[in-house]
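Below are structures written as structure tokens.
Two complexes, one shared chain (subunit A), two partners (subunit B, subunit C).
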Partner chain A sequence: MAEPVVGRPHNRVDGPLKVSGRAAYGADHSYPRLVHGYAVTSTIAHGVIRAMDTSTAERSPGVIAVYTPFNAFTIHPVEGLRAPLQDTAVAHHGQIVALVVAESFEQARAAAFTVEVDYDERRPAVSLAEEEGNARPIPPVMGIPPVVTRLADGVPSITAALADSHITVSAAYTTAPQAHAAMEPYSAVVTWDDGRFTVHNGTQGVGLQVQTLAQALGVTTDDIHAVNPFVGGSFGGKYRPNAEVQLAAAAARALRRPVKVVLTREQSFTGTVIRSGTRQRVSLGAAADGTLTALSHRALAGAVADRESAELSAQRTSLAWYAVPNLEVRQTSVPLNTPDPTIMRAPGEASGSFALESAMDELAVALRMDPVRLRIKNNATVHPYSGLPFSGKHLVECYRLGAERFGWRRRGTRPRSRLDGEWYTGMGMATSVYPGFRNPATVKVGLRADGTALVSCDTADLGTGMWTVLPVVAAHSLGLPVRRVEPRLGDSELSPAGSVGGSCGVVTVGPAIMAAAHNAVAALLSLAVGEPSSPFHGLDPADLRYDSGRVSGPGRSMDFDDLLEAMGRSGVEALGTAAPGDESERYVFDSFGAQFVEVRVNRWTGEIRVSRALGVMDAGRIVNPKTARSQIVGGMIWGISAALHEGLHLDASGHLVNADLANYLIPVNADVPEVDVHFLDHPDTRFNPLGSRGIGELGIVGTAAAVANAVHNATGIRLRELPMTLEHVLAGLD
Partner chain B sequence: MRGFEWTEPDTITGALDAAGGQAAFLAGGTTLIDLMKLQVMRPSRVVGINRLPLTGIRVDAKGLHIGALTRMSDVAEHPEVAHAYPVIAQALLLSASQQLRNMASMGGNLLQRTRCTYFRDIAEPCDKRDPGSGCAAVGGFNRAHAVLGTSPHCSATHASDVAVALVALGATVDLRDASGTRTVDLDSFYRLPGGTPHIENALRPGELITRISVPRLPWARNSAYLKIRDRQSYEFALASAAVALQVRGRRIEDARVAVGGVATVPWRLPGVEAALRGRPPGLRTFEHATADAADGARPLTHNAFKIPLLRRTLVRALMSLEP
Partner chain C sequence: MSPEPERPPRPARVSRRGFIGRTTAASLGAGALPRPDQATAAAAAAAAAGAPGQPLPGPPGTEVTLRVNGAEHRVGVDNRATLLDTLRERLRITGPKKGCDRGQCGACTVHIDGRTALSCLTLAVAAHEREVTTVEGLADGDVPHPVQRAFIKADAFQCGFCTPGQIMSAVALVEHGPVGSDDAIREFMSGNLCRCAAYPHIVRAVRQAGSTGRKR
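Our next item is the complex of A and B:
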């Protein structure tokens, strides 16, 4: 047997392409006769377009067409997606209201500035706080109703359970709306050739992209070929084709020329999708020994169509995290005039964990109890909502190991008891939980006469490391070195593996790779006994053995490439399919973690800096520790960003005032300390044969609360609003 | 961006001849090109001045002289600047990013336009960009805006860090046009917005900053620049302080104090300087001397925190100096 390949650190196989600029992202593609589309965006947040004057733009140099709601091609509505230019309604500031197409980008941009729009302006709803009175329960999500109440026998209500508790804490928390702000701007290059579209753009799944675009364009899925092997970050924002993709495709067909649409950085903020802000209230009741007796979590977020919400702060945390006999979760939404709220990394968990884990810290303070001990005390051994056991849960080990590695015992228990020069220091911690999702997938694995193997499917690599996961799992399954396996992905003509989202990439694709590798070997052996030119001709396949690239039979053994050559074959390939079965009726597949953070708060000016961070993660078998670590580190950095920097600001007129990377603050290197990540090693084969669980979103869950809890430990100041900017600290300093 | 005429003369007189009217000078381009893309600035002619002989750093008996086209990074890394005027080097190193500092000129830095989001969006009213149109910031999101030197027409902060240090040190700028060269105190070079926020400084049309001079001030070795902001790099100041103290025998002989990020122009605080003189350095003195530092401040909806922050920033900066 060759050395195991899964579980050892591997460099990204696509790394050299990316750092040398040879990886072609969507907008890097070009075609002969390509033309450029530049978007015109609304300058109001709510209203109706009365008229548009495009006459100057139409006469501008190089301009080919100006599309507006008054003359545009038809784009069919797709559920949950806004069809651009199909009506005159303006729902938010910066909405795309016209597309100017010209021979060059500069000509399109210059002409776009001349388009005049006459609006009938209405008062926008921009603030969750002001619209709270219009909040309504959301429709059920995955069978879970908007209000879930679980009460112990004889307890009349959650209010009664809280009132009867030995101790209670109750507080309101808010989180800011956020932009996905991926490095790759929203963009698309689309050709239309003889009735067939070719689409290049960042996407989380070419399959869903083709389906959605086919509906929007009124064609069949066979008419669209999506080729998107590289994606410069998505985080949920490119899960579905936004306006720029739909417009590029419709314009390419209308003009019979390839069209490129690249949104500017500002338009990428306003003209696409966001994560909604939230307003939450968490009330906890506990016995004197810290045992939770009641938990109420109410959350409000911005609504998508029909009052759905993507940011399910209460449902996605409090139904799953702690053992508590009395539980009530209430999830409401309200429509706002903002860019459309959609999923963003850990939708619900990221914001919900800030409220729940801050509240747990407030309870620990009220009880004068160590926050780690409080969480261990209330660890759920079965899933609180479904009552099912977890497939593998080692959260207590995460807490204990994390506390030891971080030096938690050196934490001060009195605020402002630790001063380093002019900086108060403190430590905080929080829990991370993210549910396990898995989709069906079909993968192709081939063995080739040149001694290499091929692994392919239509999955996406958003920068996460999927390009490397494919050859690592295939090499592991075939007993070959990783360098001898060539991966292919991101092309809708490859076998279907679904979209990546919900941290399901590895657990969806990995088992299918194992199955395909198994099938490819079986096909090789069957060929070996069936082909007259094979040295193994006529043997029973059961007499043959495949191990680490060699085929052995009675009395002889040879490498698979020599065998293929002997048979005059260029290769052999097979598909393999893997899908979840009924295991989710028996188990819950959550991933777990504990996060520890140390902060410094300036005693004069109140800035908060994170000086150390540790995440200890229980996520099953880690396929590639190197890229897995990057996933957790990236998530934790985003958590620090949410805690200290990040938030979209809408003014009273609904104007998105920080729609660029100068004003929408994400951390720079100077803001990010050394982040330490440790993975437990407990493979979870109840979930899937690979034994892995999701890690893409786990890292962001809990971080912001850990920072807030550390700030309280350092200063005694409890901050319940994200981001925690210094004016809120100043108010509590002497 | 609109079409424009481009010239790049080799001489100062050539540049001055090409200037005037709707022309703009282009040095590092780190402000102008941004604003041209946004159509906030729409010069019909752009005069590239990078070939002009206006670079170099010289220290003589009178003080420090910096050619207006010297790049921010060259000044920040100059050993004599770092030794004799730490407040200047620190203010530069805390500005923008290394890449921007490598491009941006010192003269251009003094003239950089405000970061007010409403100034930068041509769909919004702005008396600075479009006189008479009004001010969207007053009723808008104004957390980053000024509390000092404001008017109903404009509360936009001046964005430069090094200008705060230079104003504290009493720097002058040489201004040149076809009629000759004049020297102006940097402090009086900047204009309060009042009813004319579009007039930001004393430059006449077509006039060029050619040189920045800082008087000799041996005790400026005990100086510092402190910048408070929402992230630790690549971000503008919520409040900043440039401070220098001359201390002899536990007594403050002289002081220089200016603040940034809180005012419409770099804001020198002569009252604080006077209140520091003659007293022993230390927390009590600093708190007492800065008590009235924000006198006259007019907060808007979201920036009242800048009043206590200004004072705290000053105290922290002064505490960082040698007693």
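Our next item is the complex of A and C:
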């Protein structure tokens, strides 16, 4: 074998395209006769459209069509998706209520502002706090009921278990609703030619996109070709085709012209999907030595009308994190008049870890115990809900190594004991856990007579590094240098590898690449013995060996390209499929990590700055440490952002008052400290043959709590609401 | 295609006064107003401008000369068209990205006459006969700009959508320098949002490109 390429740092193979402006994202596409659609959005949050006046828009220059709920094409409902313009109901502020199509963007925009809408307005439900009384248990998710109670023998209730504990802490935590706010706005370019759609629209999976659109448009999946090799960020927001692509496709068919719909930044905030805010209560009981005796976690999140919720804060954390004999988790939801709540980076874990890991810190303070020690003491060696062992868990190593690398022992044990000029400094930490799962995938690998290899499937690269994972794993499997392997992805005509989401990309696609490479080599060898023109003709395939691009048999050896040439072949290719087996009946495949954060809190202004952050991650074998590091760094900054910056604000009428990038705060460069990441190296081949686990979401989990815990360590102020804002710090400072 | 119904003869130079006069008229005529609460007034104004049932008159257009990455383009534009939309939709130069269209994100950053500019806040007519450089114009033939190389090496992006803007800002810093401390880099680069949060790696890339010299 050549030197292994998996595990070494590789530059992104799509880098040269991305730094030169040649990577074409959805809205970068254009076609002859293309027209532009501009959305009109609702100015109320709840009600019914009584009438619309589009007469001015219709005779505005360049306008080709104005679609409203009163005249629009049919879009069939798809479960879990809102079909735009199909009825007059308004469910949230900023919902798309019309689409104006014109020859130019400027004309469409100008005409869109002349559309007048009359509403019957109803009282919107906008505040989780006010709607708490209407909360109901969510429908079961993946077989897990909304209320799970596990009690030790003889314990009558979780309340009794808490009451009997040596020490208890109990507090309420809230997290703000958030927007995915990918830098690429929601946009789509769709053509319709002879009954066939071509779709360019950033997505987490062209396969699901084609299926969903086929249903919505009433056509077969063969009628849609999705081409989306570049996605400008998604984070869950582009998991399913939102309104803009449904509208662009339906309009393209109706008008028989290519249509481009780019939502404005404001519309991208209001007209699509969000992460729900949450209200949570965590109660912990412990023995004097810190051993947990009881854990109760209740969480409420916003939902769509059927009460399904994506932000399962309690279920996705407290059922899995700590060993505790008495456990109760209660997950409720309430429908709200907000943009549809959906999955967003670590849905459930991101918000749930803030509550659980803040509570653990409160317990450590109450016990006067080191927070790292408290967590090590309660480390779960089997999964608390399923009772299964973990496929590989080195969380304690993460804690220990992190504490050492971060200089944890320099942390003050009393608040306000560290003052640097006018800044209190403090350190906090938290646990990260993210569950692993994988999907089936089929990948094609080809060996070509020019000495290169091809690896392809319909997976997506959202910035995750998949463009590079494909050739790295293929090169590794074929014993070739990475530069000799050409990747292809993001096209629905390639072999199916499923959507990426839930950190399943590498673990889904990687094993299938290995299988396809194996099959491609087998195909090459069988050709080599079967082709009369082959120097190996007539040999037993078992006599041939493939190693690092060379085929060897008795007495001779040659490069695969020479062999292909000798046989007059341009190449050989094979599919390979890999799918999870029954291993999930035996193991749980979580990824783990420990987060360490140092903050500085200004004693006069209350300003919080994160000055250092470290994540130590146990995620199996890291395929490409360079891009993996970027993903974890990005996730950790998302956690810092949730802690200090991000939150959608709705006023009492349901209006999203900060739906733009100036007012919806995400960090800028100057907000972000040096972020250090360290990966443990424990390949997890119980999970998949590649030995990797997921990393896309792991970095965000726990980070916000680590910030809050550091603020407490610095100042003695416990902040239980995200984002943490100055006024709450100031209130505690004097 | 170019929407303007009446195309004035190519101006020797777009005069600021003449331009303002025309766009004001356009705003009144077609209601190119960004705020929905002004839509009613715009509609009324628009309705007054044309008899019922008749097509409304369009805004005047202007023929401008854009020099982009060394090539000259003569193009008739809607006076309301931004440089960003003109580059992207008319000239098919799609390196500059539209992240917000409001001057809030930096994804559309280009250089105009050697200085950074937000192309979403620059009307195309305002770029008449000026030198525009986009990310596509940085490389010297096949040789990428040092900042482009440094971005790849430092993995200073993930999805890459903000990257053309980040790079245009970084090039301005590196070429006009001095690049300064890491904090100075962070400050200078803070007009360019990156939701993937590649920030620490962007700082590294800028630092590295700054130290390897300004010249390509």
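The working rule: the second predicted complex is superposed on the first by the 733 of 734 C-alpha atoms of A that agree within 3 Å, B and C clash if a C-alpha of one lies under 4 Å from a C-alpha of the other, contacts with A are read in each partner's own complex, and residues count from 1 in each chain.
The criterion applied here is as follows: contacts are C-beta pairs under 8 Å (C-beta built on N, C-alpha and C of every residue); 3 or more make two chains touch, one makes a residue touch a chain.
These numbers were taken from a predicted model, which means no experiment stands behind them.
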Touching partner for A:A27 - first (subunit B), second (subunit C), both, neither: second
First, second, both or neither for A:E308, with subunit B first and subunit C second: neither
Partner chain in contact with A:E721 - subunit B first, subunit C second, else both or neither: neither
First (subunit B), second (subunit C), both or neither touched by A:R609: first
Subunit B versus subunit C as contact partner of A:N658, first or second or both or neither: first
First, second, both or neither for A:A670, with subunit B first and subunit C second: both
Touching partner for A:H645 - first (subunit B), second (subunit C), both, neither: first
Residue contacts with subunit A in the superposition, subunit B compared against subunit C: C
Subunit B versus subunit C as contact partner of A:E116, first or second or both or neither: second
Touching partner for A:T43 - first (subunit B), second (subunit C), both, neither: both
Those residues of subunit A which subunit B touches in one complex and subunit C touches in the other: 43, 106, 109-110, 113, 662, 667-671
Touching residues (chain side subunit A, partner subunit C) in the complex: 11-12, 14-25, 27-28, 30, 36, 41, 43, 53, 55-56, 59-62, 103-107, 109-111, 113-116, 181-185, 230-233, 235, 262, 264-265, 462-465, 626-627, 629-631, 633-634, 637-638, 641, 660-662, 666-675
Subunit C to subunit A touching residues, read off their complex: 1-3, 5, 30-34, 36, 38-40, 42-43, 46-47, 50, 52-59, 78, 80-81, 85, 88-89, 92-102, 104-105, 107, 134-136, 138-139, 144, 148, 151-153, 155, 157-164, 167, 183, 185-187, 189-203
Of all residues in subunit B, those that touch subunit A in their complex: 1-3, 39, 115, 117-118, 121, 123-124, 136, 139-141, 143, 228, 230-235, 238-239, 305, 308-309, 312-313, 315-316, 319
Subunit B-touching residues of subunit A, taken from the complex the two chains share: 43, 106, 109-110, 113, 422, 602, 604-607, 609, 644-645, 649-653, 655, 657-658, 662-663, 665, 667-671, 725-727, 730-731
